[in-house]
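Each in structure tokens, the structures are laid out below.
There are two complexes below, and they share chain A, which is joined by chain B in the first and by chain C in the second.
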Partner chain A sequence: MTRNLFQSDWATPMLVALTIGLLISLFNPAFLATFNLQVLLEAVSINVLIALSQMVIIAIGQMNLSVGALGGLAAVVFAGLMEVFGLPPALAGALALGVGLAGGLFNGVLIGMTGISAFVITLATLSIFKGLNLAITQAQPFYEIPDAVKSFGNETLFGPFPIILVPAAVIVVLMVVFFNRIPVGRWLLAVGGNAHSAELSGISITRTVIVAHCLSGVLAASAGILLVARLQLGQPTIGDDWLIMSFAAPIIGGAILSGGHVSTVATVFGVLIVAQITQALVLFHIDPFFVQVVLGLMILAAVGANQLRDLRLQRAPQE
Partner chain B sequence: MTEIAFETRSVSKFFPGVKALQNVSIQMRSGSIHALLGENGAGKSTLIKLITGVYRPDEGQLFAGAQEVHFNRPHDAIAAGVGVVHQERNLIPRFSVAENMAMGQTTIDPLKPIDFRRLNELAEPWLDMLGLSIDPAIQVSRLSVAQMQMVEIAKALSQRTRVLLLDEPTASLTPTESQALFDVLHRLRADGVSMMFVSHKLEEVQEICDTVSVLRDGVNAGENIPMRDLQRKDLIRLMIGRDETIPEARRRQASAQSVALELRDLSTSFGHRNVSLDVRRGEIVGLYGLIGAGRTELAKTIMGLGALTGGEILRDGAPVTITSPTDALHRHRIGYVSENRKDEGLILDHSVLENAGITIWRRSANRLGWLSRSGVRMRTVPFLDRLAVKTPSLHQKVGNLSGGNQQKIAMAKWLAAGVDVLIVDEPTVGIDVKSKAYLHQLLRELADDGTAVLLITSDLPEMISLADRILVMDEFILKGAVANTRDYKAMSQSVMEHIHHSTDELRQAQAASA
Partner chain C sequence: MNRITSTLTGAAVLAALAMAAQAETKVAHVPGGPHPFFADWGPASVAAQQDFGLGAADYKFPQKWELNLQNDLLESLVTQGYNAFAIHPGDPVGSVPTLNELVGTGAPVIAVSACVNDPSDVAFCLASDAGVSAYHGTKHLIEAMGPGPKKIAHFTGWLVEPNTQLRIDGVARAAAEAGVEIVQVIADIDAPEPAEEKIGAYLAAHGSEIDGVITTAWVPAVVASNAMRRIGDKRIKMIAIDHDEVVMDAIRDGYVVGSMLQNPYGQAYVAAFAADKLRNGCKVSDAAPFGDHPLTSRFIDSGAPYINASNVETRAEVDKALTAELLQRVETDFLSCN
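Moving on, here comes the complex of A and B:
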């Protein structure tokens, strides 16, 4: 079976991302400066994890409003453990990932067991996670971040490639394999695609929902940890502005919000598109607050494009 | 005769207020196709759910071969070799054919990567066996409905299914596709698979089935009868024939009243041709036909949900164009009580009051556009009382009430709207006897008060006890009218003749053209 490159899910987002990059560099060659690309890739590394943490929930046809609050909580736990208890970064990071897992498990169990909508449950846990964050930090940042963590978050391997691109890339590869090859990953898509049918085939919907939320929590926590390393401080406000980004990239990547269809690679390009446009606004000295407006418009454009594509698929003569 | 592959022995299933199935026994033999017939609400889907492990019987036993089985969940049925191809598609649209077929295999390590090439190899022989030239790697969403159905059959077979239930498999297939399906079923029969075929198309049933069971009101009306002993009219008689007395109802004299709704030579995109009928004020006109005859589609066209390709609709004698149900309700005062109350008639998560009041929100809003709760209550409560809706409170969720009470609320909302023309589609399917009597009384009172009622029902006794005139529809064409003499035997005879006659004509026409 040979599949045409341009029929794949991610061809369109990739072309759009390349076109945007090309246009920006034509109008302002400074875009291709090493430092500029480094900043771009740093943003992409972290935002990819945020977007994936939402994408796994979109895959099962739900939404997770608490990704930012949970990622922020994991971030301050990471920073706080190092500053207050002097834990080594690796251990603090592992515990922070554990916080993400626990928070995701909490979401998943509540949703899976009660059948209450994920929207309501994660709205409530958003508030809980954020409250815990503020209780721990007293709304003050943790400043004492070990040098090793700081350099991990800010140095480059070579050229414009930041070190934090490595964990992000590894996770992306794992997610691609997870959703394409691993039965559990397929179960997520099956439940999102047709829950009734999945259940008749012996897939436990409850368990699948719990797995998805655990994964979402761990991904959000990993984004929080990388952000602490890059910012060089444990800000209690980390995560506050993740929500729109988390939905925008998967949607631009063609994910279907009712579930059953997501593409990891397309989501990565979605993140790249958003990051490039954000940076272009800076390069062209446009008010940065305008980014929000542009992001909103892009979501609308992407949803519209998806709708058109579906309509055309429905009308296309069937083989 | 061959051995029995699956059997239900005197199974019963009760729901609050309704006996869905009572003492139903059917036998499915290996290498044989068994037809299950019955009108809407006769209990077919309940029986299928018992056999496939969705429900558990309240009484009676299930046997797979000689062994008694107890199904606690659908998976138990699959494990016992019972598979079902449902009306609604049960495939994951974005997954490949092969992966869909592999789903449900229990012996999978959840973390071991899937070998798609191997899945394709495993799927291939089953697809070949059904004579399907489908690439197992292709996404299911790219297949036609008929192909998806075949894939479901292939999936069932690959799970070692020896008992296969087909729930209206031809409902959305073209005649050619149906024929291809029948070829496959014949081949499976030759291989010894036992099949149950549920369909409303009697010609198909006669063509491919070996034996037949008929359900009527949740009981066996015919049990494991060899098909060769039966003719089409026998099947119809088994499905709708009844020995019950029709309550004597007062005759209405509506001929003096003006015509409220008239259809003149109506043709529609659904396939109706030259349908002409009229309903006078204070008259109940029945529209009878078997399922799939085009009655609901006609109602939907009147409500503005289908396109006219010819003819016209007249309301109080004036031609009208109805563009949407909103238009029908607010401008033309025509209401429609849908047969599908769960999906179309009611918002199950909303309260009784909200559901009953939904049609009058527009009119009960005050001048500022505010909706006053007491206003809605004032207009709806009298109707809910009159229908004797049993609910703990007006704020109870409709989804928590019984089917009968749900139907009463669906009806009450149109009464509250004060429509002049009411189309009622299968008003008493699946509801208990007492609620049924209430609803009948109510429809009579409505007509007495001057409402023009168009009654669609497949329940012939109901038709005979309510309608002033009965029109018979078959194959989207009106076949004729029968004056209601309230004599059940004579009525059912002439109704059946209308339907039977039409199909004979059709056959002759087909034979002539072939």
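Moving on, here comes the complex of A and C:
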């Protein structure tokens, strides 16, 4: 049982996350303060959706460079619909999710139907989505966010647990079920693992690619909506720096970039590791000029630990 | 005969129009990237076109805050017929070759709201003195915190932005003079997500250890204002920068002490005026009383008024008066039109 636990793909990221949390709290007890944990969980709630948005594309062996641009577009659509047209938050949120779905569909159809590399297509659509964002906003934020949305993004259920953790947690559970219990989820992994074999077994690659990109778009849009609630404004720059996070967390979580293997739970721990590192850099007064360097080194260290675990597992049957 | 006369008249009119079009000044206001600070550049362009009779005055921004995107946009604008530029340089050194190329086409170029390193061919730099503004902002913060040993945190913008290091130095100078300790500088957070994450984490862990916060970039000012409102006890004093509505509301409600403004509207408006004058025969005066600036010897300080609870409701008038004064100063002191 214990052996199974430690052989699971999320064991290493979980141990790394726990170790980092323990070390930080030993050196700086303020890390465990309620307000600090709340800030940490708020960051995790949103970043986990960003990471999952990329993870579903990594599952099929592709990459989506437009995650941030699409999430940002959905965010300003959400904020803009409430400010300019006075739509209620629920309707504006649904329409913003629709934008995410449409953007994902656009990506998926272009990639699935043309066979052009996802890298190239999403590089192009990144520019399109960002351009639409700037055309809508003229680079200015939407400020008139209803109080209900602001409360949703900034209040807690109890203790340090923010309300926005609820939708994030629900989505994580749904994603676990999707990849482990739903046929379409298994198709994604099958196509990522070996597209040719998947096709021979009757799985439509085009349809699977489209489904993956639609899901990615909706997840990115969800992150954008939650970020508007948390920031209390619709900033046109939302999404601009999602790319590193979107790749870092799934990779730390053991995702194989060539596709076929991802872990939702491990990705959540990957997000937690990055969020803890980001907080630690602030808590320990790291010189701002070295923050990016330290972040990169810590991510490399986490990836190295994951690789070490894989090597040990490969050697285990030979012993 | 009549037909020949009408043809010749038509040709003459067309030629005159073409010459007039050639003589018209088309000003492009180009920031380093999309950012709420430049919101007023659009209305300033429209007002400048009307007030100064310009052929065009347009606000054009690159898709991202990247130097190569700004350079590409500038080159594209030249081919579109723009012949005068008011530019927030994306990089104090990296922007210089492209700006020099623009000047080489005969277009006057004015660096606005941030300067480039000398030597360059830009006419001059019209901006708030970022370092001095940060210095004065910190002085206001020290005054608000009151006497005794104090600790402050400084939240600022992109490290590649020309003004960031000047601001870090300005805050450090004021703090050193007053014996105030800067316990943390958090930079590279002029975007919502990193600002929210890092400012939130810092205030959560160290909020009880500091007495004041100075912010010297737009987004950190907005995020920190919201954080002060969330903390709610008003113990930590904060001085912000710029005029985002979130900051202004926080000043009205007492969560933020004040803010150092930069008047981006006035900067863009006056830059369009000066660019037009330079295109039409005026020169930068040999006796121009340029101010001191770490990057350039051709610096015009556009001012950095301080807004607090006493004048937050009259901010528009403060900006208007500053703009009028700046326009007159540039015309009389810095341009020679004989």
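One rule holds for everything that comes next: the second predicted complex is superposed on the first by the 287 of 319 C-alpha atoms of A that agree within 3 Å, B and C clash if a C-alpha of one lies under 4 Å from a C-alpha of the other, contacts with A are read in each partner's own complex, and residues count from 1 in each chain.
By our rule, a contact is a pair of C-beta atoms (placed from the backbone, for glycine too) under 8 Å apart; a residue touches a chain by one contact, two chains touch by 3 or more.
Remember, it's a predicted structure, so these values are computed and weren't measured experimentally.
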item: Combined model on chain A where chain B meets chain C, clash or fit; value: fit
item: Partner chain(s) touched by A:236 [first = chain B, second = chain C, both, neither]; value: second
item: Contacts of A:200 with chain B and chain C, given as first, second, both or neither; value: first
item: Which of chain B and chain C A:139 touches, first, second, both or neither; value: second
item: First, second, both or neither for A:282, with chain B first and chain C second; value: second
item: Chain A residues touched by each partner, larger count belonging to chain B or chain C; value: C
item: Which superposed partner A:33 touches (first chain B, second chain C, both, neither); value: second
item: Which of chain B and chain C A:189 touches, first, second, both or neither; value: first
item: Touched partner set for A:227, first chain B, second chain C, both or neither; value: second
item: Chain A-centred angle between chain C and chain B, computed on Cα centres after superposition, in steps of 10 °; value: 120
item: Nearest Cα pair across chain B and chain C, whole Å; value: 26
item: Interface residues, chain A side, partner chain B - complex; value: 1, 177, 181-184, 186-187, 189-190, 193-194, 196-203, 260-261, 313, 318-319
item: Chain C - residues contacting chain A, complex; value: 34-36, 38-39, 42, 61, 63-64, 159, 183-188, 191-194, 196-198, 200-207, 219, 222-223, 226, 230, 245-246
item: Touching residues on chain A, where the partner in the complex is chain C; value: 28, 30-31, 33, 35-36, 38-40, 42-43, 46, 127, 130-131, 134, 138-141, 143, 154, 227, 230-233, 235-238, 240-242, 275, 278-279, 282-283, 285, 288-289, 291-292
item: Touch list for chain B against partner chain A, complex; value: 74-75, 78, 90-95, 99, 103-104, 106, 108-114, 135, 137-138, 141-144
